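Read through the structure below, which is laid out as structure tokens, and then see the notes.
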Amino acid sequence: MTNGHIFLYETMGTAMLLLLGCGVVANVVLKGTKGNGGGWLLINFGWGLGVFAGVYVAFKSGAHLNPAVTVAQLIMGKIDFGQALIYWAAQMVGAFIGAVLCWLAYRDHFDAEPDPALKLAVFSTGPAIRNPVWNTITEVIGTFVLVFVILISGGTPSGLGPLFVALLVVGIGASLGGPTGYAINPARDLAPRIAHALLPIKGKGSSDWSYAWVPVVGPVVGAILAALLFKAIGSDSIFPPIA
Amino acid sequence: MTNGHIFLYETMGTAMLLLLGCGVVANVVLKGTKGNGGGWLLINFGWGLGVFAGVYVAFKSGAHLNPAVTVAQLIMGKIDFGQALIYWAAQMVGAFIGAVLCWLAYRDHFDAEPDPALKLAVFSTGPAIRNPVWNTITEVIGTFVLVFVILISGGTPSGLGPLFVALLVVGIGASLGGPTGYAINPARDLAPRIAHALLPIKGKGSSDWSYAWVPVVGPVVGAILAALLFKAIGSDSIFPPIA
Amino acid sequence: MTNGHIFLYETMGTAMLLLLGCGVVANVVLKGTKGNGGGWLLINFGWGLGVFAGVYVAFKSGAHLNPAVTVAQLIMGKIDFGQALIYWAAQMVGAFIGAVLCWLAYRDHFDAEPDPALKLAVFSTGPAIRNPVWNTITEVIGTFVLVFVILISGGTPSGLGPLFVALLVVGIGASLGGPTGYAINPARDLAPRIAHALLPIKGKGSSDWSYAWVPVVGPVVGAILAALLFKAIGSDSIFPPIA
Amino acid sequence: MTNGHIFLYETMGTAMLLLLGCGVVANVVLKGTKGNGGGWLLINFGWGLGVFAGVYVAFKSGAHLNPAVTVAQLIMGKIDFGQALIYWAAQMVGAFIGAVLCWLAYRDHFDAEPDPALKLAVFSTGPAIRNPVWNTITEVIGTFVLVFVILISGGTPSGLGPLFVALLVVGIGASLGGPTGYAINPARDLAPRIAHALLPIKGKGSSDWSYAWVPVVGPVVGAILAALLFKAIGSDSIFPPIA
């Protein structure tokens, strides 16, 4: 797998994840949509199945789709730092593209929605109760669960792999998404926030940059803790690792 | 596989898809049903599992069930134009039959429902905010996701295939169905619209023909874009292709 | 497989199905439960996963769990009439036991619930709009879908089989359960109705015997039609048939 | 597998189960969360996917995660009493850790929530209608279903195993969770209750010790009955048993 292929597949897969992930939030929160008020489980399935589709699309590059997963694979020695940079760049570019596509798909509903906070909510996460320290802890815990279970399971998206990680993300959202909206992925939050800032969205408000570091730092710390614990227990994965 | 077999299986499979797909909308929107007001996720699961059942039924013919999928397989060179015509005809006939069966299953609830718009909604999609250009873009994006992920995954409904495509359709509905109700399939929308126009439905209103081209053009364009991108990246499918 | 083993496993499996199936209705409709008002999708998942658990339990006897499925297997020549009698007897006994266990599990909520109609609804189906002819047609269509897709898929509960049939039942409930509550299984409706009539349920009302033939006749007719169509098209199953 | 490894993996797996399981209750019931009022099906998926993640994490130790399952494996002769003690200790320690992590993840929402009963509900189950005898019977029935279906299916978490048991737990919650909130696991209830008593939770109330024996005794009795019936029918598991 060349760096070009890694970049191509991670970009496409992360764009797919964000298009579907941001899309379900748009469907639930924006004015006049058919899924308006559809509930938290609908949001969880939308994001989980966004991961599902994204993993298929990025199958060939290992489907990290998440800088925190790439951090863990770097710590595990599965990739080198140069490759990690390619993954991270692709994830940011893909997440940006996915957020733009979501905005295009829901264009008229963005225009119809009067509340700027709901427009931002489609792009990026925000805390239910703003408290950077505890919000970060919540993101650390959620991402720890994501990365640790992926490492235990082998981290490779073959056979049942896409379904497995989709269900894991549904579960994390259902159970740990309540306080912060479960970014658990720095690219998922930061790149759409940049898109929100740059796009000519009618009636948009602040991109809430003061919170932007939380869904970056929390997931990275969670991934590091997960990888370190995984190494400390000397565990093997259930499935054979990817090359 | 003879053309007769293709016609038989695609007709039966698409009838199954439409019976269950239109059925869940009837259950959620028509007066007095047990699932009335059941929500968007219920609709998403109904359509997704309609695809699930339809793929089993049309297994032998490759389970396109969707003219847009057939367009993509034609571009990929998996079928020739004569076969594509058989698929398209079968999909239209099957979708018509499925919509009629749904009407029979919910006969008394169609009679009890006073709102003509809800009666049409069981058969065909309609936009939340009417805007042909943007509605078409939404259908292009939704169908692109459907077809691109099917092509990436190999497009063959074996083993986990029916479950995979069912979940993909649940995800597209959850995330991209908000503005237009996700036709993402010309036969799914046009044939039931014809059924709505022809059937002696008590108190029915307009079949909204002015919108009818959107869920045909959008999905076809989306499928073409997906097939072209798939060819452009020179990707292989994850699973071996069907003969 | 001896007749005794068929009886044992079908009885246990159908009891499991009815315990979980009636249980989810009790949870959604009876006064004071934690799932009260939980919605149609919750009911669909409860019945679908009741099938899931029941298929595991009755794996060795082929997990018919439903006299309509047994009718189809009889028409297909997979079992003889003497075996069919064993299956039917076991399904009725098992469904009765499951309904009794559900009543025990929800004992205090049956006592607390003032509406006799809701108590009956836990045991047996009833029409949303009472119209025996159309109610029967709805049950014919729903059971046709169940049995035809089972026959197409091979009818054998191995590997993904329990999940497959569980999802199929979730889909039928979501899409075709609106008018009659989807009995699609004579034993599922008749045996609990007998239990309702016999059990000393506090404040119970009529067992609605005038409707009792609909969820028996409809499913049997639907199964016969499905088996005849399956034979007419000369289809093979996807999976190898059970011996 | 050494006793140390059993302890390590069961502790980690049960902590994962309780973090996600208690987490979904916190998300649904505590003030101001994003999933507030999300409904019973959301709770069922949260617990089911908590089992899913926990089974992966504790794969190597057989993923009992539940003293009642360990009781059944002891009766079946798969483990000896010394090993059972290790499992039980690990499950209690893990459940305690998981509950503490859940409290940390939802820290500000515990502080914001005025109702002490809802704070306890995140940690431990409570009856909808308090009646120790019938509450115990409900827990006996629910745990019987869990353990009997696990024994029938082989009890080994490979391949589809984690998904199987997750769906089984979703089904039990949907169908039998209405009266008592489905502990069906002594460690799931008792260890978080101890955590509730010990943690400095702002504005907490009673830990309801008078009820604490029900979700211990009920599950143990249910597991014993399931194992005895399984032995009585001389059944084999569908899948080969774990060593």
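The first chain written gets the first letter, and so on, giving A, B, C and D; residue counts start at 1 in each chain.
Please note the rule applied: a residue touches a chain if its C-beta (ideal position, glycine included) is under 8 Å from a C-beta of that chain, and two chains touch if they have at least 3 such contacts.
This one's a predicted model, so the numbers in the text were calculated from it and none came from an experiment.
**Q** Which chains lie in contact with each of subunit C and subunit D?
**A** none
**Q** Quick check on the contact network: minimum steps from subunit A to subunit C?
**A** Minimal hop count between subunit A and subunit C: 2.
**Q** Same or different: at the subunit A/subunit D interface, is the fraction of residue numbers used by both copies above or below half?
**A** Mostly different residues form this interface, as fewer than half of the numbers used are common to both chains.
**Q** Using mean Cα positions as chain centres, tell me which chain lies farthest from subunit A.
**A** C
**Q** Quick one: how far do you have to rotate subunit B to sit on subunit C, C-alpha fit, nearest 5 degrees?
**A** 90
**Q** How many angstrom lie between the centres of subunit A and subunit B, each centre taken as the mean Cα position?
**A** Roughly 29 Å, centre to centre.
**Q** Could you tell me the distance, in whole angstrom, between the mean C-alpha positions of subunit B and subunit D?
**A** Taking the average C-alpha coordinate of subunit B and of subunit D, the gap between them is 41 Å.
**Q** Provide the list of subunit A residues touching at least two other chains, using ranges where the numbers run on.
**A** 39, 41, 160, 163
**Q** Tell me, which pairs of chains are in touch?
**A** A-B, A-D, B-C, C-D
**Q** In their complex, what parts of subunit D are in touch with subunit A?
**A** Touch list, subunit D to subunit A: 8, 12, 16, 19-21, 23-24, 26-27, 30, 32-36, 38-39, 41-42, 45-46, 48-50, 52-53, 56-57, 59-60, 101, 104-109, 112, 159-160, 162-163, 166.
**Q** What does subunit B use to touch subunit A in their complex?
**A** Within the complex, subunit B contacts subunit A at residues 39-41, 44, 128-129, 131, 134, 137-138, 141-142, 145, 148-149, 152-153, 160, 163-164, 167-168, 170-172, 174-179, 181, 233, 235, 238.
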